[in-house]
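There are two complexes below, and they share chain A, which is joined by chain B in the first and by chain C in the second.
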Partner chain A sequence: MVDGDRRSRVLGLLIGSGDNPLCASRLCEVCAQVTGMSGAGIMLMSGDVPRGSLCTTDKVSDLIEQLQFLLGEGPCVDAYHQDWPVLEPDLANPQSSRWPAFAGQAAEAGVRAVFGFPLQVGSVRLGALNLYRDRPGPLTDDQHADALVLSDLVAQSVLVLQATAQPGALAAELEEGADLHFTVHQASGMVSVQLGVSVGQALIRLRAYAFSNGIPLSEVAESVITRTLRFAATGDGSYN
Partner chain B sequence: MTMTREAKFARVVVELADTLVAGFDVVELLTVLADSCVEILDVGAAGLMLVSPDGSLRVMASSSEAMRLLELFELQAQEGPCLDCYRSGRRVVNQDLEAGNGRWPRFSSEALAAGFHSVHALPMRLRGTVIGALNLFHVEPGEMQQADIDSAQALADVATIAILQHRAALEAQVLNEQLHHALNSRVVIEQAKGIIADRQHLNMEQAFSTLRSYARSHNRPLTEAAEAVNDGSLSPSSFDHPPAKARSY
Partner chain C sequence: MHIDELRLQCLSRHLTKWDLRSFGLVHALSEVTAAMPQLFDVDGAGILLADEEHVLRHVASTDASAKALESLQESVGRGPCVQSLVQDMVVATPDVLEDPRWPELGQLFAENGIRSILGAPVHLVGAPLGSLNVYKSTVHEWDESDHRALAAFETLVERLITASLALERSEAVATQLQEALRARIEIERSVGIVMALEDLDAVDAFQRVRRMARSARKPIREIASDIIKYKKIAY
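Right after this comes the complex of A and B.
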């Protein structure tokens, strides 16, 4: 297929119709649909770390985003840092063990192939598009070309949506349906008081607690906020 | 060996493209363009005017720094072929300055006094967007050949595309910075809410209204107050007492 045709076909799907305008949640749906994947997610990165997820199509793609936010490793993180697509066609039997913590948990949730594509406009980098499939196998040339066009258009769409926002605010179209981990940051603030450390260090403690106890970070944060979990300066967190 | 005109033209296109790589500079690109027009098109002088954000035309580059020439460009913010060309988006070519006195009286007499006899202005345009004009001056009276006009327009088009792409890239950068700024301030505020909530035994909603009323009564931006809470320079204990419903989480 000629690249221009590919672009206009994808653009048509993204823009949608009058009663179905451009919004973050449709970006993910279109990405999964066009590439024929099991699911898709869009991760925003800032200051070289995952900041949050703009949208995910299903529970598994949400887990892929959550794990990368928790662990700081995975296909989106690598795609963003390398400025290059990151392809893992067989996550259960990977060629190299590049994501020791991520790979096991994602595979357990049913992810068999996972792909990360950087989101950028010129030299501006926003994050990464994540695509996954529940069976192993590489992307076809056609799927790969579609994913490149999609990541380009998604990056531009995110900026176009943000252009409508009030100064200093996040565009409502972006925030709706996004998971920007606000409760985790609230919990970091609380834990920083409990431990007498910086909020940055408190976030590390929260992540470590979630990882070593096998509890999702969002649940740990919820327990801190509802005061069922407190961190004490000695030892790990303890439930009240 | 002298280069053919086609060879010169090809070299100029390469030279223009070369200014597009790292360290893109609009003035440098336009100066290359102005100099090239003088070299390959046998015109006496060339200059480029771009529209500024306030809507007026500004001189961006000139084949010569002679004051007389610069003044001719500056004059065209009020009247002259560049302004007509910019406003209409169409070429204004082969304007005989002796005859053109009625159209641009001040410009024409100044140009004649500077030794020019005919003038041309070509739009810097991409589809519907006109961003400025390329101005060419001839010392000798007479018509510019169509092939020369087409060559000059082609060079102006290359420069126009480069400038518009550069602007789009800058715009993307600004939007991206705004996006990250918005994300970061939200994170900072959520963290501060957590600190206040734990210190003052409040729920998140109460912690936020406490922070917000502090910021309002002290005329500080919310994000700045939140940052101060986070780095410890502002203690939540100095905040006003929260609403009565405290501890109702």
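Right after this comes the complex of A and C.
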């Protein structure tokens, strides 16, 4: 299939019909559908770190995004930094152990193959698209070509959504549709006061606590905000 | 000047695959002009584009003569390329020494190795924006095939400029999105700090930050980064 046909077919799916206009949640569905994957997620990044998830198709995709936000490693993070597709056709038996913490947990959740594609507009990088499948195996040439077209169109679509925003503000569609981990950042602010450290360091402490206790970062953040968990300057954190 | 259709098609295909992001428009235009003497029987080529004050500026040229062709017109504000832009038409000069329209330029052109000139307007969304020029060091009657060849290149240049501008606009929104994301996160972090300092819940802490911004007459993101920096509540 020539690239132009591929593009217009995907565009048709993204734009949808009149009563079903372009929206953040459908971006992921179309990505999974077109490439024939088990699921897809779109990660927004800025300043070199994951900022949040624009959409995910299912629980497993959501976990893939959450783990990368928690651990700072994974296919999207690499795709973003390397500015190139990152392909792991067999996550349970990877050729190289590039994501020691991510791979184990993702595989446990049923991810057998995972692929990251950078989202880029000109020289500005926006994040990455992740695709996963519940059985191992590489992408076919067609799937790979579709994913490239999709990541380009997804990046453009994100801009279409953002173009309506006031300068300096996020568009409502992105603000409401995306999971930008606001509670985690609020908790970082609180912990930075509790520990007398920078918010960046506080976020690291929160992540470490979540990881070592096997609790989702969002739950740890919720406990901090509701004051059931308080970090003390002496320890790693303790429940009141 | 007979255009090599097949080679132009190849060049055109090569150009659409080009990554304007890393090359930049000026670089792309330089590559186009550099290709022209290889495809046509001309000695050099150049591009002038109007800047925001509608003054023609030299953008790309193949050699010193082509550069002189442009800079001479740039300084005098007249000449075949300037006229092709102003009148939005192809302007041909078979012999610069015999052209009555630019008597002051003829000798200067000739001294710089330019004897015949063909200039065509470059358009952006239908309006003339600049001029694409070729020259020969000998007297030359520009014929129909010369005009067609130049027009083909003009189309290519226009496509490059349009693509580059669209990219620039998208990049501006993308950069704005990055900044908005960063600001949004800073605000949440400052809300968390206020929650801990003042023992407030998230909603009240956010109201508090917003009030601070209002009374200080500063954008909320500035207040947020002050709170993060100093970990205290001024204002």
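As a working rule, the second predicted complex is superposed on the first by the 240 of 240 C-alpha atoms of A that agree within 3 Å, B and C clash if a C-alpha of one lies under 4 Å from a C-alpha of the other, contacts with A are read in each partner's own complex, and residues count from 1 in each chain.
Quick note on the criterion: contacts are C-beta pairs under 8 Å (C-beta built on N, C-alpha and C of every residue); 3 or more make two chains touch, one makes a residue touch a chain.
Quick caveat, the model's predicted, so the values are computed rather than measured.
S.K.: Putting chain B and chain C on the same copy of chain A, do they fit or clash?
M.R.: After superposition on chain A, which the two structures share, chain B runs into chain C.
S.K.: If you stack the two complexes on chain A, which partner ends up touching A:I225: first (chain B), second (chain C), both, or neither?
M.R.: both
S.K.: Scan A:H185 for contacts with chain B and chain C and give back first, second, both or neither.
M.R.: both
S.K.: Now for A:R135: first (chain B), second (chain C), both, or neither, which partner does it touch?
M.R.: Neither partner.
S.K.: In the superposed arrangement, which partner chain does A:V121 touch: chain B (first), chain C (second), both, or neither?
M.R.: A:V121: touches chain B and chain C.
S.K.: In the superposed arrangement, does A:P167 touch chain B (first), chain C (second), both or neither?
M.R.: A:P167 contacts both chain B and chain C.
S.K.: What residues on chain A does chain C touch that chain B touches too?
M.R.: 44, 46-47, 51-52, 121-124, 126, 156, 158-159, 162-163, 165, 167-170, 174, 180, 182-183, 185-194, 199, 225.
S.K.: Name, in rising order, each residue of chain A that touches chain B in their complex.
M.R.: For this pair, the touching residues of chain A are 44, 46-47, 51-52, 121-126, 156, 158-159, 162-163, 165, 167-170, 174, 180, 182-183, 185-194, 198-199, 225-227.
S.K.: Considering the complex alone, what residue numbers of chain A touch chain C?
M.R.: On the chain A side, the touching residues are 44, 46-47, 51-52, 121-124, 126, 155-156, 158-159, 162-163, 165, 167-170, 174-175, 180, 182-183, 185-194, 199, 225.
S.K.: Please output the residues of chain C touching chain A within their complex, sorted ascending.
M.R.: Where chain C meets chain A, its residues are 20-22, 167-168, 170-171, 173-185, 188-197, 201-202, 219, 221, 228, 231.
S.K.: Inside the complex, what are the residues of chain B that reach chain A?
M.R.: So the residues of chain B touching chain A come out as 168-169, 172-173, 175-176, 178-187, 190-199, 204, 223, 230, 249.
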